[in-house]
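Heads up, there are several structures right after this.
In what follows, chain A forms one complex with chain B and a second complex with chain C.
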Partner chain A sequence: MSQNKWKITLKIHRQKEAEAPHFDEFALDVDPDEYVLDAVERVWAFMDRTVCFRHACHHSTCGACGMRVNGVEKLTCITYIRDVTQDGGTLKVEPLRNFPVISDLAVDMGSLYSRLDTVGARSVLPVTQAEAEKKPADWPAGDEQYIRLADCIECGLCISACPSAATSSDYLGPAVLAGAQANGLKRNPELLGLVDTEDGLWRCHSAFECTAVCPSFVDPARRIMDLRKQVFVERFSRVFRRS
Partner chain B sequence: MSKPHAIIVGAGFTGVATAHDLALRGFDVTVIERGDICNGTSGRTHGLLHCGGRYAVKDQESAIECIDENTLLRKIVPQAIEPNGGLFIALDDSDLAYGEAFIDGCEACHIPLEQLTPQQALRLEPNINPRLLTAFLIPDGTFDPLRLALSFAANAKKNGARFRTYTEAKGLIMDGTGRVTGVRILDRQSNKAEELRGDILVNATGAWAGEIAEMAGADVPVKPTPGVMVAYDQRFVQRAINRLNKPGDGDIVLPQRRMVVVGTTSFEIDDLDYVPVLDDHVDLMLERGAELIPAIRNARIRGKYMATRPLISSGSGRSAARTFKCYDHKETHNVEGFVTITGGKATTLRAMAEKTADVVCEKLGLNAPCQTKEVPLVSYRQYYALPN
Partner chain C sequence: MDNKHNLPSPAKFWTWFNPIGRQTGGWAFILNRVTALGLTFYLFLHLVMLGQLAQGPEAYDGFVALMHNPIIIIGELLVVAAGILHGLNGVRIILTTFGVSITRQKQLFYALMAVAVVAILVFGIRMFTA
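What follows is the complex of A and B.
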């Protein structure tokens, strides 16, 4: 950890019930090797007890502390201050987009959680089952990191970053489609009606923003592309089953 | 007769589990929490679903609580648990000597264990220190802290409990006879002050229990004791790896997601609301963690953090018992309508809730048996999906 302290200005998005959104600025001395979440928590502890933000595990296993940091979706508990600002610089912290704001930096992620349940996505798996997920055949070798969708921590960063999610609040969104892909249409044909829809797979315009911001390397974009292939296979097999 | 109204302060593990238990017993339950679910000690816990082995030599009461609850939680909340097991490994003569007491302790606490040769252990976990002398396979697990808490909260909500997050307790309301009848709260979402009335107030604020007790002129012997943990960016093992010796700094390495987490240390503090992550503790975790898994030296730090254990101050630091206690403040300070539950560990959250709900029912003269051992919990995601 670095010995020298930085002076930064933390600009926090404030939004209380029946109050116009605005930013409050806090001058902080920070260690550049602290995380953004540490700075926000210190504002709450020592400067302004009314700041609301979500956080729990502080080591990227729970997905509670997603925010936009200088305009980019970040899991703030593992984002070093030195990677997002400089000595004398500004750090602008805002709530995730495409979710209703509860207060200040805290958003209501209910839509994401209920949709994940409807596709049967599972977040915590025993190792025997976590290893069972096979990556699609055409994914490059050496990408073993993608075999555990159980690494999706449901943080919502992908939904916030997705330009298509901004156009329709009914869009299932990257994490949910990734959950459906991992479960597989072959094993769960009932998912076809859910994902093969305008607000399912076909709302995705392949911007790949989801994959760019995912802190768990789950790669939702590539999973969506794979799910499209699964849909064609499933549609064909239904035609043959009928005839 | 209308349902009795229980107000629970704190939505960490103890608070959400007590909400679940009391809702099942027919209470009208309101939980207030100044942040969001699990944003204090509980969220930042190491994540070890203890089998009790860690305590089997010196603190057998805790060890038995752990193995019993470990077995139950695997059944009622599998969605939050990786039931992968764990190893205790010996690396030197002192560890080997401890092994004798360890075998006896586990036997006394009915913790199943299987001794492995170094070769067998390395086949299970190729990344552990190859110089190990012996290993014991035990039924540890890992849990996802937030999802464990949300599962209990979701079930409580399903049975009618209300969760008021971002709502801070500012003071207790007392009548002239020394009875707590409610709590003054600040809704931090609207910055509005309100009063909530209830038949019983449960202080489930863990390390902060002393602060809430003080509002009623009571106190509890809780000693907040933080520890530092470090997460590294590679999943070197699938099981919990424990040093086969008496509890010490950095003696456990756990897999979580695509990481391993090394923990933990033990120190004392004055200000509970912000505890710095000390650099020398972070360095120590690397030293100790690398003894168990040498490859940690080549990994990158993914997160460094701390959590403050609520130890009941019968001893200090490592010598304090890890068991829990429910205080009826009528007995301790002649304050009616007010109980505190603290101490304990994440693994014993359900048992802590059962004990607390038993005390609450007895105080209110209700005969409502605990049902939480039998009821499998609904999806943790229902916490967000169900109306409040």
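What follows is the complex of A and C.
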């Protein structure tokens, strides 16, 4: 922790029922090595108990505290204050885009969760199917029994950052398509009808914002491109199967 | 509750052009849309101007004289620039779609834009010295 305290202005998006959205400003003394979520919590604890926001694990596992910080999607529990503002500066905190606001900074992520279910995205998977897993030389036999958490923490930052998702409510979105890719078309051929659609794979216009904001290194853009390749191979091979 | 302002909507197409908070891939996305709109506008203008040629020899001579106006040449250079930027950005999208250089899409974008700048400069010099 730093010895120096910074004076910052925290601008929090406020929107309660039937209320027009606006910002409330709070003057705070913060340690620059604290996280943005700490600052929001301090406002809630000592200044305004009506501030509503989502948070749980505080170590980037639950994906609950995704917000926009100075216009950029961040997981606020791992975003240092010193990385997003300066002494005397302002921190503007807003809810994620493309989800309905429940209250202030809390959004309804139901559409993301239900779409993840639709493509059968797994929250745990066998280590043998995890792309990032590097198997040590002495890995025991029968490793299908070993499972690990999937990389995606379902925080929704990618959906918020995606410019294509801003204009189409039916777009599956990066996290969902990445979940479909992790499942694979070979294992789940029925996914083809879900992802090979206007509001599936082909709505992506290669802005790569999803990968840029992903706090969990899922790399949704790469997975979308890989899924396109899978779809292309599947369609191409179907032509020959018919003939 | 009125929370529609935070939901996706086709009316939010203007957010495509907002560079605030965007990163390299987002700038490439914006550039592609701006150049596409510019080229579409040019196509419309081009057809209108071609229509002027059908109005006789005097109209044709007037049109040719207009084409030597420096402002028109700058406009033509903008069209060439838009075509080069849009085309090379399209090459980036094709390559990454097929998995080429996908983990280095930023470097690919910068490299192609460097090629674009050189090509635009070459075209600009040739157009103003011809």
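The working rule: the second predicted complex is superposed on the first by the 217 of 243 C-alpha atoms of A that agree within 3 Å, B and C clash if a C-alpha of one lies under 4 Å from a C-alpha of the other, contacts with A are read in each partner's own complex, and residues count from 1 in each chain.
Basically, contacts are C-beta pairs under 8 Å (C-beta built on N, C-alpha and C of every residue); 3 or more make two chains touch, one makes a residue touch a chain.
Note that the coordinates shown come from a computational prediction; the quantities given were computed from them, not determined experimentally.
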First (chain B), second (chain C), both or neither touched by A:Val124: first
Partner chain(s) touched by A:Glu17 [first = chain B, second = chain C, both, neither]: both
Chain B versus chain C as contact partner of A:Asp151, first or second or both or neither: first
Touched partner set for A:Gly193, first chain B, second chain C, both or neither: neither
Touching partner for A:Ala207 - first (chain B), second (chain C), both, neither: second
Chain B or chain C, by number of chain A residues touched: B
Shared chain A contacts, counted only where both chain B and chain C touch the same residue: 17-18, 102
In the complex with chain B, residue positions of chain A that touch it: 1, 16-18, 35, 38, 41-42, 45-46, 49-50, 52-64, 77-78, 102-103, 106, 108-110, 113-114, 116-117, 122-127, 130, 145, 148, 150-151, 153, 216-217
Contact footprint of chain A on chain C as seen in their complex: 1-3, 5-10, 12-13, 15-16, 20-26, 28-29, 32, 92-93, 96-99, 102-103, 105-106
Chain A-facing residues of chain B, complex: 35-39, 42-44, 47, 79-84, 143-147, 166, 168, 188-191, 229, 231, 238, 256-259, 261, 271, 273-274, 277, 279, 282, 302-305, 379, 381-385
In the complex, chain A residues that touch chain C: 15, 17-18, 20-21, 68, 70-73, 95, 97-102, 107, 163, 165-169, 171, 205-209, 211-212, 219, 221-222, 225-226, 228-229
